[in-house]
Amino acid sequence: MQRIGVFVCWCGSNIAGTVDVQAVSEALKLEPGVVFSTNYQYMCSQAGQQIIKDAIKEHKLTGIVVCSCSPRMHEATFRKTAAAAGLNPYMVEIANIREQCSWVHKDVPTGTEKAIILGKAAVAKVNLNAPLTPGESPVTKRALVIGGGIAGIQTALDIADAGFPVDIVEKKPTIGGKMAQLDKTFPTLDCAACILTPKMVDVAQNEKIRIFSYSEVEEVKGFVGNFDVKIKKKARYVNEDVCTGCGACTEKCPQKKVPNEFNLGMDNRRAIYIPFAQAVPKVATIDPNYCTMLKTGKCGVCSKVCTAGAIDYKQQDQIIEEKYGAIVVATGFNPISMDKFEEYAYSQSKDVITSLEFERLTNAAGPTAGKLLRPSDLEHPHTIVFVQCVGSRCENCAEKGKEYCSKICCMYTAKHAMLVRDKYPDTEVYVFYIDVRTPGKNFDEFYRRAVEEYGVHYIKGMVGKVTPEGNKLKVQASDLIMNKQVHIDADLVVLAAAIEPDKSARPLATMLTASMDTNDFFTEAHPKLRPVESPTAGVFLSGACQGPKDIPETVSQAGAAASKVIGLLAKDKLTGNPCIASPNEQMCNGCSSCERVCPYGAITYVDKEFRMPDRTTLMRRVAQVNPAVCQGCGACTVACPSGAMDLRGFASAQIIAEVDAICK
Amino acid sequence: MRKCTAANLDKLFAAIAENAALYLPVDDEKGTAQYKKWAEGTVMSNALNTAKSPKDFFFPQSEDLMKFKTQGKTIELTDIRDEKEDFVVFGVRACDVRSFDILDRVFLVDPRDSYYASRREKGVIVSLACSKPTETCFCSAFGIDATNPAGDVTAWKTEEGFFFKANTEKGEKLMASLEGLTEECTEEAVEAQKAKTAAILEKLPLADLDTDKFGGGKTAELFNDPAWAELSRSCLGCGTCTFVCPTCQCYDIKDFNTGREVIRYRCWDSCMYSEFTRMAHGNNRNSQLERFRQRFMHKLVYYPENNEGIFGCVGCGRCLAKCPISMNIVKVMKTVGGKKDE
Amino acid sequence: MQKITREVLIEKAASLLNEGVVSAVYGWKKGEFVYDVTPALFTTTEELEKEFVWGDFCGANFSKYLVASTRKIEGKILVFLKPCDTYSFNQLLTEHRFDREKVYAVGIPCEGMADVSKVKAAAGEGIIAIESTEEGLAVTTLYNDAPVVVPYAEALAERCINCKSKKHVAYDELIGEEGDVLESGRFDQVAELEAMTPDERFAFWQNELSKCIRCNACRDVCPACTCEKCVFNNPVSGAETKAPMGTFEEKMFHIIRAFHVAGRCTDCGECSRVCPQDIPLHLLNRKFIKDINTHYGEYQAGAEVGSRAPLVNYTTEDVEPCDVFERGDKNA
Amino acid sequence: MQVNEKKPLIVAFCCNWCSYAGADLAGNNRLAYPADVKIIRVPCSCRVNPMFILRAFQRGADGVIICGCHPGDCHYTSGNYFTRRRMAMLFSMLDYLGIEKERTRVEWVSAAEGAKFAATMNDFAEKVAALGENKRLEDLRCKR
């Protein structure tokens, strides 16, 4: 049986004006378990808290009820008071007789009657309270960043700056991501490489940062502060530590017909390659799908020309196991496939290209050395049509495109149009759009410059069909403002393809038990208040894996994610919320219902041996809650059919006791 | 012997109901017979028997025993027993009539159960002889004569109407109050029915059910019989057999806290339940085998051992009809003891 | 009348037993009066030949027995599964209630099971023999001179009249041909109730549920009710009840029970079959199934192992509670 | 305290993060609603077990309302989505059993919606009062 003290606060006249506080403390004195009951003007004041502390000691109280303002206001205060007097802080319950009683009811009899009932409910609950102690778990002071694009790079740099070791896992042979493929960046038109490559070098040179390029995350176990990760370092058949990146092999390799993915297949590379000049790490990689030596055992040219002796045809995939305290997902995006957009003749004509291909065509390091030439005949195009929202905002066409807005296309198309007009004033540029969306600093100004200064023809309307005819592309479109059909003979058509999360994100989310939306973008812990955290504790989100983003947004989110990681890694121990779910293993069926409703992946199952009443033993599957991960929502407690799962601090018996007290 | 013509039957029921609550089997909307209180227009069921046994009248499924209220260190007790009015149960079959005798030997011996006793005192049993026994009937195995049931008054229903014979003082009193609606008659029609029914009883598939293996003193012989394992294996551990059984008498006493006071009540319990007689140390029968064995050993061995050889089963056949998996006392009797009925 | 014979099943079971593939066989065991078939575990060919039966009264679903027996019995257990039983089987697997490796499942076709109370209503009491013939069940009673033939359509159990599927969704081996999922009228009665006024519905259920004797047969036979400890037996759960006390407890029991199996109930119909008081309990479960199908998309529990039950799932576009339970007449 | 006139009794389960805070805001703004409404704080609306609701009716509640964050705003991301399904199913079942549907309700009330909280409670209390006593889910033993 508890020894409960009841403390009724007047809150000046805030409570005492509508509630007969004396009557409340008298009435609650008669409740089971109550050994002391009093009232005072301001319980939260120093003097009020002293009354509580003294009573705890004098009456050997095991639990207290404070009838006062909302627990959202002073629960923490009174828990501290209790703790200071040696009482477990979770033995405190608050009856909210101000916000939910005296302030909303007019007359004293009504207010008093309700205050007594609320007090009884709190007493009934505290009778069933148990002291709770928050669990503690250590923190491994190392972070893992998955993805080496600008998001991952920025996050890693920021974490490393704070002094914590960071590993970047990048599945391509080099970090840099999509930004490395871009030419200029909006709205300032500075060159992407000029601002990205120094950061890549910083990463390479930072002692705190390790790069696992050409690597993938294989397995993730554990929980916040204590993740165990297996990383698969794919065989690149080149000894990274020895390769100097001189590039001799990439010039001598006889296999010249490998589509160059960095230029989106618009030119070729060799079977041994360095993706681009500023790659980090600047190490060659052999493409096993094309290497004659690896496929037939005959060739070995690269090995002969490599003075460093870095070529190793026998190299194997390697598994690296490492512990991390935090994981940042920065898996980025890709343009969607254009296969299903036959109306734009993407597969029929080389001169229908995507915007990312256009970036490469205008990039000095691209297939045309920066000269804008049509891919089909390398002629200078005189009429260019840009088509917006190809697969974006695609209502009722989920099988083709995406319902969401890809966000970046309006701005990069304005950039492309402007750059074309700037460099080649003889070129007519048309942009077909649904809406032009330019919310962002200096964005609208940028777009208006394209229209007003550069004379880009913006036409509201969608392109219906692109038909290759001779060396022209017949573009048939509608102009919604003029309300007429438009026909343009274009030399080049550029499609603003929708962007989607990288395909690797879905399996990764499963490994991380992080949730995703239907579009495979990672879900944030709270859309407004915790936008860079995943609901899974210790997993953070950076960049376009969470939703379409431009570079400034990505970099700011990357920094925010880093600061969250730093905050986590700065702790030696994690103190959990003690009000968490806990299963009664004797009653647990191991049915997985709880696991399926847990938003945090806090529940796992183990086979456990039980001694049965007839003295036999039995192995049974039972649920286990990771106290470091559980946030205490209680979804599992209702999903559990046997009632084995209960929530500490809000146990079923406690809530039922409150119900009973209110209804009696 | 007195006779009431079919035409006078409703008047007879009305006359009984004038002085006491009259309960009789009535078909519900699905044609299942259940005891219902008689009211003008109630039609008595023609079914062989009711789905639930009439033990409810004396030993209801749940009944409040008392109330108590604590305040500080004082406790206030109130006896809230349901003061039953005089009542007549009409149409009880021979098997069920025997069940009252079996229950009496539990509740009316020291310490006498006053709740049960007061109902027994206030209730008058009008039994009804069987004329169309069914395949699940095996009352004759326990020496019960379905054609001539006991009870305060015995009734026979023939095409001519109802025939009555009072057996006890209570019965005589009831019959006396009905004198105006009944007439003295010969036993001819009744005897004819008895003979006809007896012939059917002999042909029943379970007519030759053997009870010799069972009875007092057989504990050592039967307790460890290997057949229990197989018989109990499919038992679901539900309480259907117990709750439809006219002789099962186990109960639990529980408190219900209304928030203002505590109501102490008792309700039927089943030895088939895993929680039955759970104590601080746990349960004393941990497997369904043990629980299953207990139910049948009690009826066939322990009860007769303490009650002059009377079996705790009356052969009403309800459990045969209602067990979800069709396991029942007949199968047990034919299997346990090794002598399988071939 | 069942299409396959008892001999086919005995042969299958005997060969698996003799080959050592399985160590025990769940099957139906003959009773006293043809219809009182008991689920039993057979371990020898002799037992099978003597007591194994297969016919129109073999309604019992063995799936639930596997939870306990796979824990106790060494080796594999052969279980014969009718199409509807396979759904329970899968649902239990979804909930990790037994080890699939310990079971050898043989799917057998089913033509529907007879309801003995319907047979009695048609042929009368005092059944001493029932023979399955082409025309129907030929029933001999103590009171009929010649057998009365009850056509199968009249003898069929409610759940079989409204059979949802002749398809086996789980088996290691199938005897006979693969059946189909059927269109059934199983929600018609639910719809009829829904169409009543609340007062009528209340009267209907009050009448039905007040018959409850809390024997727990519905729960104990239910393949979805395999909790290690049932909330109704647990004094600390807040739901423990032992008797239909007062005016509330049987309602509490049946509402909570239906809710606990909502989204997990395969609609096998065992609850209604075993109820000694003939309460149409399947109408509670089917209400949930109907609501789930209407609002969250067609879902058949047990159709696939590992599927996510509707009540442990959601979409952001789910219907609001007020729109569900007011069923459209929101302003009424 | 003895109450002679039978007033409706309403149990409101409010999630800690939105609705309970909304109730607090109603208090801050002195927006009155009937004292018949008694709030029980739960971490999330998904903590509300159907058993609690039935228990409240058994013990004499005339109406039960569950308040949570607006869908999409759950502090725990998905809790109220489960609540939405569970309560839709439970309340539909209660309706099917002939229990008056006005006795149960789910409302989404954010921490900023003090006015909505008060308005909801006023409306709910009025509807429940119009129905009179809960007879269909009562336990006579608990009757006052």
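Annotations for the structure displayed:
Read from first to last, the chains carry the letters A, B, C and D; within each, the first residue is number 1.
By our rule, contacts are C-beta pairs under 8 Å (C-beta built on N, C-alpha and C of every residue); 3 or more make two chains touch, one makes a residue touch a chain.
A quick note: this is a predicted structure, and the numbers were derived from the prediction, not measured.
Looking at A-C and B-C, the interface holding more C-beta pairs in contact is that of B-C. Centroid distances built from C-alpha atoms place B farthest away from chain D.
Note on chain placement: the centre of chain A and the centre of chain C lie 45 Å apart, centres being C-alpha means. Centroid to centroid, with C-alpha atoms defining each point, chain B and chain C lie 30 Å apart.
Averaged C-alpha coordinates give centres for chain A and chain D that are 35 Å from one another.
Averaging C-alpha coordinates per chain places the centre of chain B 46 Å away from that of chain D. Multi-chain contact residues of chain A (touching two or more other chains) are listed as 597, 639, 652, 656, 660, 663-664.
Chain contacts: chain D has residues 50-51, 55, 59, 72, 78, 82, 86, 141-142 touching two or more partner chains.
Listed for chain B are residues 256, 258-260, each touching two or more other chains. Shown here, the protein chains touch in all possible pairs. Across the complex, chain C meets chain A through its residues 71, 94-97, 226-231, 234, 236-239, 260-261, 264, 308-309, 311-313. Contact residues on chain D toward chain C in their complex (touch as defined above): 50-51, 54-55, 58, 71-72, 78, 81-82, 84-101, 104-106, 136-141.
Interface residues of chain C, counted against chain B in their complex, comprise 31-33, 35-41, 60, 65, 121, 125-128, 141-143, 207, 211, 213-217, 219-221, 233, 242-245, 270, 273-274, 276-278. Chain contact summary for the complex, chain B toward chain D: residues 256, 258-260, 263.
Considering their complex, residues 29-32, 34, 48, 51-52, 61-62, 132-136, 200, 203-206, 230, 233-234, 236-240, 242-244, 252, 254, 256, 265, 267-270, 273-275, 320, 322, 324-328, 330-331 of chain B touch chain C.
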